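The structures considered in this document are given below.
You will see chain A twice below: alongside chain B first, and alongside chain C after that.
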Partner chain A sequence: MSVEIRTKGVKPLSNSFGHLQRRFGDKPATRYQEATYDIQSTANFHYKPLWDPAREMFDARRTAVMMKDWYQLKDPRQFYYGNYTTTRARQQDAIDRTLDFVEKRDLLRSLSQDIRERIVHTIVPLRHYEWGANTNSAHVSAYGYGTAITSPAMMNTADRLGMAQHISRIGLLVDGNSGDSLLAAQALWTGHADWQPLRREVERMFVTRDWFEVFVAQLLVADALVYPLFFQQIDAAIAGASGSALSSLSDALMRWYEETAKWIDAVIKTAAAESPENKALLSGWTVTWRNRLLPALVPIAQRALGNKAEDALAAAAAALDARAAKLGLTV
Partner chain B sequence: MATTSTQPVFIALQANNDTLPIIEAIRQDNPQAVVHDYPAMVKIDCPGRLVIRRETVEEHLGRAFDLREIQVNMISIAGNVDESEDEFTLEWKSA
Partner chain C sequence: MAAEGNAKPAKKLSLKENYALLTRGLGWEPSYEKKEDIFRYIHFEGVKIHDWDKWEDPFRLTMDAYWKYQGEKERKLYAIVDAFQQHNGQFNVTDARYVQALKVFINGITELEYDSHRGFNILAREFPGVGPRIAAQMQSLDELRHATTQIHTISQYAKYFTGMNEFPYQFDRVWYLSIPKSFFEDAVTSGPFEFIVAISFAFEYVLTNLAFMPWMSGAAFNGDMATVSFGFSAQSDEARHMTLGIEVIKFLLEQDPGNVPLVQKWIDKWFWRGYRLLSLLATMMDYMLPKRVMAWNEAWEIYYEQNGGALFADLARYGIKPPKRAPETIAEKGHVAHQMWSVFYANRDAVGFQMWLPSDEEMAWMSEKYPDTFDQYYRPRYEYWKAQEAAGTPFRNTTLPQLCQVCQWPCLFTESGDPTTLSLRESEYRGQTFHMCSDGCKDIFDDTPEKYVHAWLPVHQIYQGNCFLPGVDPTAPDFNPMVEALRYMGIKPGVDGGDFKGSADATNWEKWTSRPANIHEGAYTDAVRDTASPADVGARKAG
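Now for the complex of A and B:
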């Protein structure tokens, strides 16, 4: 007896949703495409928002930037809820192991009093900067147009709380879980002269209406100055004086910054390439906010780095300029 | 070593979400590749030489990719394998 094994293929009538087929053709769609493209409502709004009666609930006119298709601003990391949470969970596992390592060996507690005070003075208050960045990303997510930009912006808000928490844990490792460093850091952020210029700029972003300007100010300009300054330059200065215990913790922050930069760069590059008007707007915002944020960082940089502050800030600014130029902006 | 053979090589992958970006990358890098859809499987034939480039897969996938991850979803291959960190190549090598 012979047995013949045959496969019977049933071809699906359609490989993906209609709105995805209109964009990509009839082929299997990725989860990112399914979770992102054309998700946001664009028509048939029943009610005008009471807080902005001149516009619709979702309205592309909330920024001066114009795009023919807002879904061009895609995220190269292709994050949607599922892979975003698994990626972050995996990274958090690694971070937890490092924190555990530092805690078990009391690496930050055993630093000299002077160094511990430096960490509390120059690093821990950044948790409030992160909270501000959380608010600013929420602004982009709330008023932005198109799921391609609002969805990663929402994930960025969660990231920022994670970063704030990470910085808080550095504080707790320094003060032996008493929480004193967090109270001290809050007092520094709200009251100390070193931090007021930066706080003023973060709060200025809170009252900036154009969501794309907030995106540029916070995610392109402020982060590109703050992260390399604090978690590379100042971190290196502390490491030079006391060993690399703190660097093992700030490494996660820099990795996150580099990963997120891929998304920021893709958005800015695409928007700038769309039209000369966009390019001019984005370039203008970049220059404006760079010129606001650079002087705002001078006092705290001088406190942390002394006479090397000027070089450190110049290096961060040069890196930002080079990055912006690569993205097609004129700065 | 002559590699002028145009005998078809193939790679068969499971049809799932993990392999979508790999298949897209193969399509992009191998214009001559022919993609056949089977139940739960995708078989890609290509005359002579088929290459999977890490960079292209990463572009479609949106994250860092280790070419060895292909093995998880690979059903079968035909051709001599040449593997590096950046490229996974199938071709018929004549002695």
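Now for the complex of A and C:
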């Protein structure tokens, strides 16, 4: 049953919510705009948080970065929950076909023991790096200010769990689902000298309180060094010795990294352009964390790439510096 | 071909094994930084957790499964929302009074979803265990979904009806919206364990069905396909959240006997706070739905007295007792809806939705549903107000009511067992007197006065001159504090609130749909050419 209405003369009173009209004029809004702009509470908070009594529940002062309007930090992907989940679901369908292909043909299990050990030693421990990134990204969304930044940070948090599980699946494809590679990778991450400097920096991020600094450390700097190093350079070295089975699985990680970088870049560029103070802060954090993370990656890079490690790290660092400069930072 | 020594086929994993492998080992014991510097908020409440690995993850969803499952639900939901918008589904609801209930929803509830998203996000960062962190992350995302889908569906109504266009602004400022706002801010500003007991257990597990079932059936009965769709789509999320609620309680109670009194205190507190919040639904169910589903007292009997009774019988083995103030909720169930509606009606010039007095047909229904209370206490009041309306001297309150320091409702409730005496309580703290609506709220205040003295009580704030827009001069000769306070709150007097009859919503509704804006009263305007009786309208629509 549907009720007949006179459609003649039915004109909306307005085309979008008042807060969107004030930003964009009285025209139909996109779903991203509706779900994002001005959604977080900004005023008249009731209680002092027991866990942070000097500040409000939502408080812009949890970072030293200052924005006149936090909704300038928009996500060029225009993700809201609906298009985020459907996008990831569609990408996962493609990833599942690859996983299935690799599993059915035993492509990773049939690699030589030496190559399998290299994958377990140099790739699978990154599941813990991703879990650390999950923690750090959750820190950004939990203490950030304004839906424009915290909503994509929440999605990034979920992404990092997804990446951790994708890398774990690579381990299971190597060990035939015994889980031995995952145990070995955890022992490497927590105990092997190759991984300790990186774990040290990940743990340092865990105690960094300024959420924007965590954003820079994890999402701009650490990821910009780790992803190209492991999923391009080390992946290529393994492929050179054993074919492209692993690359077919790391490809999804690189694609995700490139997609996410668009969001990171937009955030950094806008925040840096806001004021010389922001620019100085963001530049300083970028340099500090680059100078910590680069040496932290040396032992594992040398293990994986031998005498090519230095060039590989230098290339990743140069790409990061160039990217940062393009975003308006001085590094 | 598998290499030498690797020839056995790969092991097949059950879902549970797969989940465990992909999840459990992700965390590690930090050694470069101290654990208490990484997870800083889990000690101050006094809860003792000896083994985070004892947490039984209730969802057992890997991230890829979550994306696919939720993505599929979103595809279906947005297909319906698109169709709803294309076909002007907002005009398919019973009448324009139903839309007033949606105003309460978008202005008062949607931001709670958002606050819930934030609260679970904090847990997703601060719990040391991988299992509870993942559960909290997924719920945080789900709550973001709920806020988002509500905005996307109700936005279509907001284009055609008044009072829905400023929901984030009003949530932070409108006097009665501090009831929901303070509720959720109370939870999020608590410690992580209190938050999860408050929201996952007391709210989601004990009380959510009470909100969900009448609300969704009400939407379905009244032709609101948009709300029905997002509601039912959210239901499977809710099922997960309820499971989390019960798992949390069992986990806390099993970890340490010292946790029992803390959990009990939080159950007592949050049951009462949740009850006060949800009784807003009582007005919706009994007064705002043109086609009613069930009365508030019936819902309370089914969803609390019966279901809650069974639950607390089950928890007795842990030493947990039913909520301390449950008897008051039962004693009040015949009164709350009528008392609340009366206060909203009296203050209708200061609210963001339009008000009406119940029709004869509706009062007959209430007499039947509330045989012990309605005719005795409330019918005479409504009949008196109707007579005043008819005489052209309608009753209206010109001062704002005294609010409860804890729940922030006006102190409108009566003593249990004495419906003619207002229930008023007070406490002294640091030489100041604070007012509460009930023993339940006084318990809460007295336990943590240092928290509740910071409550942002809108009526106090208005009278202290804190609720005016920049540039307003309180010393100007024509200064009117109520008018200025309404402007500050984003309420357009005579447009958003006031009397339903004669309102823009009622008039536009009749012009646009040719149907009465109030099915119980026939047409207000001659835009309704066929002024058939409500029964005929129903028959015509069915035919």
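In the analysis below, the second predicted complex is superposed on the first by the 322 of 331 C-alpha atoms of A that agree within 3 Å, B and C clash if a C-alpha of one lies under 4 Å from a C-alpha of the other, contacts with A are read in each partner's own complex, and residues count from 1 in each chain.
Note that in this section contacts are C-beta pairs under 8 Å (C-beta built on N, C-alpha and C of every residue); 3 or more make two chains touch, one makes a residue touch a chain.
A quick note: this is a predicted structure, and the numbers were derived from the prediction, not measured.
Number of chain A residues touched is higher for C, counting chain B against chain C. In the superposition on chain A, A:Val120 makes contact with neither chain B nor chain C.
By the touch criterion stated above, A:Ser178 is placed in contact with chain C alone, chain B being left untouched. Contacts of A:Arg204 after superposition on the shared chain: chain C is touched, whereas chain B is not. In the superposed model, A:Trp51 makes contact with chain C only, not with chain B.
In the superposed pair of complexes, A:Pro76 makes contact with chain B only, with no contact to chain C. Within the superposed three-chain model, A:Ser141 lies in touch with chain C and out of touch with chain B [touch as defined at top]. In the superposition on chain A, A:Thr30 makes contact with chain B only, not with chain C. Look at A:Ile95: by the touch rule set out above, it reaches chain C but stays clear of chain B. Of the two partner chains, neither chain B nor chain C is touched by A:Leu229. Shared contact residues of chain A with chain B and chain C: 7, 9-10, 31, 87. Of all residues in chain C, those touching chain A in their complex are 1-3, 5-6, 8-13, 21-23, 25-33, 37-38, 40-41, 44, 62-64, 66-68, 70-72, 74-75, 77-78, 87-88, 91-92, 111, 114-115, 117-118, 121-122, 124-126, 130, 133-134, 137-138, 140-141, 144-145, 147-149, 151-152, 155, 158-162, 165-169, 171-173, 178, 181-182, 185-186, 188-192, 223, 451-452, 454-456, 458, 461, 490, 508, 511-515, 541-542. Here chain A touches chain B in the complex through residues 7-11, 28, 30-32, 75-79, 87, going by the rule given at the top. Contacts from chain B toward chain A in the complex involve residues 15, 17, 20-21, 37-39, 59, 61-63.
Chain contact summary for the complex, chain A toward chain C: residues 1-3, 5-7, 9-10, 12-19, 29, 31, 34-35, 38-51, 57-58, 80-82, 85-90, 92-93, 95-96, 103, 106, 109-113, 127-128, 131, 134-135, 138-139, 141-143, 147, 150-151, 154-155, 157-159, 161-162, 164-166, 168-169, 172-173, 176-179, 182-183, 186, 189-190, 199-200, 203-204, 206-207.
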